[in-house]
């Protein structure tokens, strides 16, 4: 018996007294990974600070509403760019959201077959297409065909970015609605499309809205697809068949000018763009917070009770 | 709960069968059409890109991929995509070398930290993804570049420029390294978020086994988390590569915009051009009469193919990893 | 429920702190848990439990689901450090050193307490050999000869050596469930612990594998202090010297196994042991 104990002791004595060192290494790693987080957040902080600091000095009513002055004069503003961004986001949503939502409904409600798997795969792959290629595509099928730059082309290009995102978030939101909701609808004799729209979607509404808003905020900042579709302009919107400005385009073009005043206007435009995007993102958070307790949340609860 | 008399149930079922309702049929068709929209678009896009770039393939053949000319002057037109392919691959590779370790460190920190600290920090890192590319470019151009050039590039150039070819170019700030660093920052949200999911997927029992042996936190990562999630982490990194490859505006504004032979990556401090940036810079200037535009579209086609391959590989690795988590490892 | 209506403040007065036994020899306790309380978010899963574990014995912890036996077991090697929201108070002493003392980092002493979990959890990317040596390599043992020796020693103690000795480089997950669990036992034994904690080690295994595990436990008793959580009362009777019965976080009764099962003092214990509830 003793020899076994001795053997154990002997083995134990082989263990190096390295715990202190190991704890030190562990602490060092802890510091390193924390610094990784800091290193990542510093640029975010710097970007926000610089955009606000520099952009604020450019902002004025004139800046927000006037057309650009001559290059380097420091006069004028980004009125057409703001208008253009809003127009192109709106149009793009009108195209992309319905397609995305119906796609999401297809994948969720009719999605148990090979075709749906195929589509889901293509959807995921398509989502990763570089946006400038989408711009080329819109150029080829619309601008070339029409013979001129067109707002439709820009809206179409952006809608191509939107719809896969909306399809995916819609599908996920719908899938989270329990089957019992649908079964209850069927038992009541409701048609499938009625069930889907009035029961399932209202339960999935917040998830779907979040997805849509996220995709809107994403396309608001897109520049590349707009370069060869709406081109950019110094005038306010006049028709669908002429070039139009947009915030990202204006920022880019201003950054290429060698004048300090242009640089300042660029910061101002960037500030406006960031505000729009942040506004949408924070709006989503606010919507979420109110989901359970707010007006919409109560509506959803009421609907669920009605079904029961 | 619904309580229905059997007769009513039968009646409803009968009604349902009678009207395999037209409106439902229409709904199904509509949904299916919407679903197939993406297939139509992809096919159409492939067709358009190939056919519109055909002139350059006809003119240069496959050597378009290996040539380095870039001459749009009439009568002497000659185009080659190689410099831009190299530019894309170089900047993306450097971006990965910088961004992936940072992302994994971030994922390690956040996956292990208590949620009071982890959640807000994770949110901030994800906010990086909400900043538009053009604003990264703006900030990079007027803020980052200045400091980077003065504090890092110039000292490196002065110290090692003669000996190390990497540092030999004259650091003006609009170069491969600057563009790559900004690119690294831009891929961090994606890579760290996916890595975090992958690490969370490691079963608790694995971590407990390591812990039981007396492992420190770092040792637990080495024993239980990294071996288990290796495949997924590689997939996350390749996902970041896919992002980097497709990135346009920030790179365009920071890479120095060289063309032709001058765009071939030679030193970290030298200007270059990527596939997406050459398109952004020259597309609207290209004369429709020449093969300049087909050349640019050809570059776009190459870019698209590279992006697709990278992203498909990444998705396979990541989903394989997450599927393994659902199925049991033990028998 | 009789339970403990008053909580004694000193350990000596605690009626169930040490298992009652007839011997008058001054027995050595390898591990002593004193006033251990575990609470999750305000709810106490383990309520002020005090137990003394004799060295080279097997103590079984039994009780219905949710009684806190596994939670208590995991206190004994500070496994709850990993759980968010878990608050542990009390002392756990190994050889007069309190694992929960603020002065020492638990890493120093966690090595003394090995653990085997409910479902076998070998490291899936490692071979059998590497699984066993995992803890050794953490502790700086590099010498291949020593590692080989300890691997053989540990696998033999776990009754696995004969089955795998020719193929130690095989991946751990290619083994059957029962073999994987014995591998986990070997892995825990390799770091030469003094106490072995086992959380329902055979519950995921078939009867033959279970029998092998139980044989292993009985053999190991000669060298180790073992504390085993089990929901299988026959298993407790077969392998353990002492048994503690827990209910809703309280330690109801803690005596020699034979006595607890044949002549339980507490009404609740009697009911459980007779199978009136589970």
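Read from first to last, the chains carry the letters A, B and C; within each, the first residue is number 1.
The rule we apply is simple: a contact is a pair of C-beta atoms (placed from the backbone, for glycine too) under 8 Å apart; a residue touches a chain by one contact, two chains touch by 3 or more.
Here the structure is a predicted model, which is why all the values come from computation and not from measurement.
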Between A-C and A-B, more contacting C-beta pairs sit at A-B
With centres defined as the mean of Cα atoms, the chain at greatest distance from subunit A is chain C
When centres are defined as mean Cα positions, the distance from subunit B to subunit C in whole Å is 49
Chain centres from averaged Cα atoms put subunit A and subunit C apart, in whole Å, by 51
Whole-angstrom distance, CA centroid of subunit A to CA centroid of subunit B, is 15
Residues of subunit C that touch two or more other chains sit at 107, 111, 138-139
Among all residues of subunit B, those touching at least two other chains are 216, 219
The positions of subunit A in contact with two or more other chains are 22-23
Given the complex, residues on subunit C that touch subunit A span 105, 107-108, 111, 136, 138-141, 143, 146, 150, 153, 192, 222-223
Within their complex, subunit C touches subunit B through residues 77, 79, 81-82, 84, 107, 110-111, 114-115, 117, 119-126, 134-135, 138-139, 173, 176-177, 180, 184, 187-188, 191
So, in the complex, the side of subunit A touching subunit B is made of residues 22-23, 25-26, 29-30, 32-37, 39-41, 43-44, 46-47, 50-51, 98-99, 102-103, 105-107, 109-110, 115-116, 118-119, 122-126, 128-133, 136-137, 139-141, 160, 163-164, 167, 184, 186-189, 191-193, 196, 217, 220-224, 227-228, 231, 248, 251-252, 255, 263, 266-267, 270, 273-274, 277-278, 281, 308
Residue set of subunit B touching subunit A in the complex reads 1-2, 4, 9, 12, 15-16, 21, 23-24, 26-28, 30-39, 41-42, 44-45, 48-49, 52, 101-103, 105-106, 108-110, 121, 124-125, 127-128, 130-139, 141-144, 185, 188, 192, 216-219, 242-243, 245-249, 253, 276, 279-280, 283-284, 297, 300, 303-304, 307-308, 311-312, 315
Per the touch rule above, subunit B residues touching subunit C in the complex are 114-115, 203-216, 219, 223-224, 227-228, 230, 329-331
